[in-house]
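For clarity, chains are labelled A, B, C and D in written order, and residue numbers in each chain start from 1.
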């Protein structure tokens, strides 16, 4: 035996510590190009300042790990335990969300020091004989932070778009996709009594449990998401002017907010569309083969109806996704925007681009699976209390970390939400033929 | 054979005509005690003036039957075809809902004449060899009118409650229930792969189709709805002050609207609760055994969580309801309010009070059944476009006409809605035993 | 001496009683053509249902006269003393204004009986040896009721306009004016140290006191109000699109409410303007010589600026009005709408149409005169507490009773208000020449 | 003759250049203790981020001086001419005010460089034979910047108060006043026909012209502003609960916003009041002798009524102020908060603390003086378009630069505004006695 004898548990801890550091570094990397001023902007009620994300993800580890489990832990700042609480009512009062834009103090520098302070504490905790519960909570904290990585990207995109100068966040050119060598086609699924939900190996959120049986009729899924070119056709066919295509609430929203195109599409003086991206404005003409994104559920639903189709249920989507590997244009690609399908990357018998590029709205309202039990205490507020008035989205987007997504992953947003990278996968009932 | 030989089709028509007249008379009866001034009030965004209900239900028959099918039909008034359109966008522009309170003209007298004019037309139509399509539409129109009968009761209740004098609509005393001779108990259901949706015999709305298979785990249902006494316990146990009991949107609503009790409960100066009913204010003490009503989904959900239970899914409810006859405290009882369970009216092995008394909130968001197809044209707007942001309620209430309700019937309202007679049936997961 | 010896005081009382009855009858006459349903409509936050006006004006006499002064007075209904309070906080809680639309009970019939009951009481009171204070309060109550007569006309106009059928209230044709035989010209006033406010003979509101000195520079007033033809020029000259013509708050209001013309002007499909009046829609072409009305202060101010002029101060207006008799197109003319100037009715050396036709916006904010003292008690709330955020209007309109208006009369509304018959008199600084 | 021959004009220019630099340095000094993050916060609709103030004051010089008058001027950034426009519609579109919080770009560093760039340009312009018009505009720009210096102080105060950590901006202790060696007393003024408005020597805003005659009755002014101790008495006497003390709009505001004390007063758990200042929270007990501030017009008016007094008119105030020198606790004192009266600083026959400490609400709505003419072009938008819905305040506050204030200076805010250092000077009608 060598000098370093590592027991399985220690190996697990070492690997966890390594992954923990990798997640934290990714967050830092995402905010690297931003100034302290950029990280102050909160440009819509859905968004938070980036500095707040840096602090809140840290607060999560402090609150759910260091305070309860690290003996003798000294908090970095006595007020941070309530200041950076997002919505956990069991932990006491917290500032209203819109106040986050007033947090010029603590400074970014202090928040970075807070991050290091807590990272050091987690290191200490893992150096001890950490229990399974502790490891599970660290794992949860990492996934929590990955969710906020996606939010950092979407929130800063909105912030930069709100700035009348519309600056770019990323200077490198958008990677080209390989073009659409193949046309979109239908894939048939037989349905039947299927198992839905997480199998139990590896991390999953509580809302992916319990795994349970669902009966599905035969159905079809489009091989690829709807593209910008196709969505432009919907617009040109007066999709935004025809009430018969829309849910009633959707039509009311279109009228009230005067929607005529996806979020971030601008018609320039010459009558052509430009699209705001994390690289600044790009002519739509250069994005025609890419999946359309920043759509509300209402728009996704209306476009599907216009196409004579429907949106898939989350169960149909999961069934299809179980058959393909978790890979695609995710955060690590650096594209930070959906891309056209890659040549040869798709088995013609399997749905392509299920993971990455755009979150795909499903027709499934976000509700508890049978037997769902939120965790006791504050952690039980993580998911369960949001189970109304939202729809499930699946598959991750171009700003979702690869290690964060899986076939059973359930994202959810209110149907009028557009600031996420959300798009459309068409579905239809399967024929008897 | 007698003098009057009636062919089966004619018999059907005659029977339909008779039922048509009965439905129309019920509407008239409901508004009998109201003055023309009462019928002008529109006291909340959900409600309409009663006069408008009288006209709109008539408009429905005119628009979908007399105009397309009765040769030479002369409309009663050239403007009514757009004036009394509620929300059918395919038929062109219609007045915004809140304007209905300005319809002092046409007068009630004119609206009554309009009703007779259209009733006469339907009579003519049925006297001809009316097609199945015509009969189906008349049937639909009758059920449409029955929905508005319930709305007349709920809207005038809100109107009278809004009036600072809080007048009573009905003078007779509330019929007594028989008291709770039996305590509420649990009923067990095995679940499995079950058929859900309408079987196809008799009338049903399009949203009850297609009948399809759903897989259910074992579950339990409470034998009776939650009573006012039990809900008072929830209030006394600080139910409205404990965020951990509430959905996030529910908690925000409780704060924003300062809810502390069901709609229509008032704490009087002595500290006791009074309840506003269609008979005016009644002390809660006299209603303790009656099902609590006028709750939002949020309150129903929070009370169920407080009780350590959950709300049933609409499928669980339907499975249970398939086993019992459609009867209960419905509109025809004249109670106009939920009643305590009647002695001996319930088989202890079956759920009681499933039909009538209170609409029971289910945990199921209102979405399309597999294979759902809205009708083509304007009638397709009847149900389909509302399939988001709402929850399903089942079973009818004390103001639902008996011939209008059935086990597969799906009512739906936004989760913050309280002006309907909506209450709670508790459910729980079934045991492994 | 004859049988009936009448002392001066008794004569005064008799005359007061007669005038009291005349005022009350005028109110009844105004509502004569309205149905109970019409009298329920409250179509904007500024307006009240006509039935409420009938009751509230009665409540005023009951509250400030019968209750305190008539021994043994039995109230008609125990709840009316709080139900029909408008805004007198000293008298206790009262219903929120928008609830008035829910007052289907008491019925119109009951309100009419209430009116008679109180009229009977006032008769009794006057039959006694009524004190000066009582007579003064009756006088105040009569003027209060006359204010509500004007409101009845303006509120029912808005109500009928809100009704999508846009019915007419009055069937007779609009009396023709005599045409504009003379062009509008300027009248010069020297200004100087002048006396402003009521002289003290006859009735006046407390806000017309104390009479005090004001120093005015030389100024000019237009001989006639701005006409519809002239205002149409303002519109055609893009008056509503040019921010430099508007006060900042005015411009924001124009944008927010998308104003493009006075209230009640509609552009019909042929591109011409129609104007909604109490006689229904009338083509603008038939009204070109009439004073434009239903303008906000913002519009009046912008139109004056566009014309290179300004609005008069209330002191300038009063100075001019002191020189002319109180007569014009007032409520008694029956026109119910501003009319073109009458041939020969104006001395070319005096301003015409100062009284009647349209209330004339002045540039004077509504504030207390020096030494202003509101009455003690609830009557002190009549005027004083509204002295901010409003502008003074002068001269009465086509729906103001003739006996209600005088040169020192100060009306006041918020600058965004348009539902009154409010128009423009141009003014300018006087030359040194 | 010496080497440096300076003509009178050059001397004037040199002096102007020096003052220009002094004003600019004061702005920099005010923002010295703030971080780039602090300068991003916009915590209420009235406020702007400090960085925006730094840029907008610079934009003013660039727009109204360098662009039109400096030959060959190269703008610092092509977009700044619309980006930092506040409300000058004549200059084209500008960003909506609330977007200013999204201006993370340009960075503070860039804004500082922009400031230097423009300062350099103004230096060049003054080195030439600058015309009177140019000098007048520079003077206007300096006063414009001084207004924004006050706004920097008030806006950052609100920003730090909004931050849940409530940090202090200034660390030094609050200078002590000398205590109230003398009690407040009344000063009598005879009134009469007086001259109001600027005399024409030195700088004044257009709204201080034309100087004109106003007739005033005899009146009295309090020798000192209302103190925190006195205002606390008003609160303890249930001032915020008694509608009879309030204007109607004021009472509605108190209810709607649940006001119970001045802005920045907090009742701490022990029941005592703390006051948030630019030095953080200070116990009210240490501020009892200081003038109360951060009051709306409504509160000032109600407190005056409670005291049996009234607010002065702006004319009364100006008459009194004409008799005293312009000095007091102004920005240069460094107190950044109102102070108790200084021993011996007040002639007992003159009003004290008229200048500095707190802006004094007058009862005068902000309207044009007779003969007021706004400048042509965009500069005409500076003052004139705000002349409605606001009240005049006089005398400057503890954060007003000394060289910016004068007896004829008219500040103005909407009556519900509280974030300025606004307080109360009592007045009363003068007796005949």
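FYI, a contact is a pair of C-beta atoms (placed from the backbone, for glycine too) under 8 Å apart; a residue touches a chain by one contact, two chains touch by 3 or more.
Fair warning: this is a prediction, and the values are worked out from it, not measured in the lab.
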How many links in the shortest chain of touching chains run from chain A to chain C? 2
From chain C, the most remote chain by mean C-alpha position: A
Cα centroid separation, chain B vs chain C, in Å, comes to 47
When the centre of a chain is set as the mean of its C-alpha atoms, what distance in Å lies between chain A and chain B? 39
Cα centroid separation between chain B and chain D, in whole Å? 60
Please set out, as single numbers or ranges, the residues of chain A touching at least two other chains. none
Which residues of chain C touch chain B in the complex? 35-43, 51, 79, 82-83, 95, 99, 101-108, 159, 162-165, 167
So in the complex, the part of chain B that touches chain A is made up of which residues? 87, 89-90, 193, 212-215, 217, 243-244, 246-251, 297, 301, 363-365, 367-368, 370-371, 380-381, 385-389, 391, 415, 429
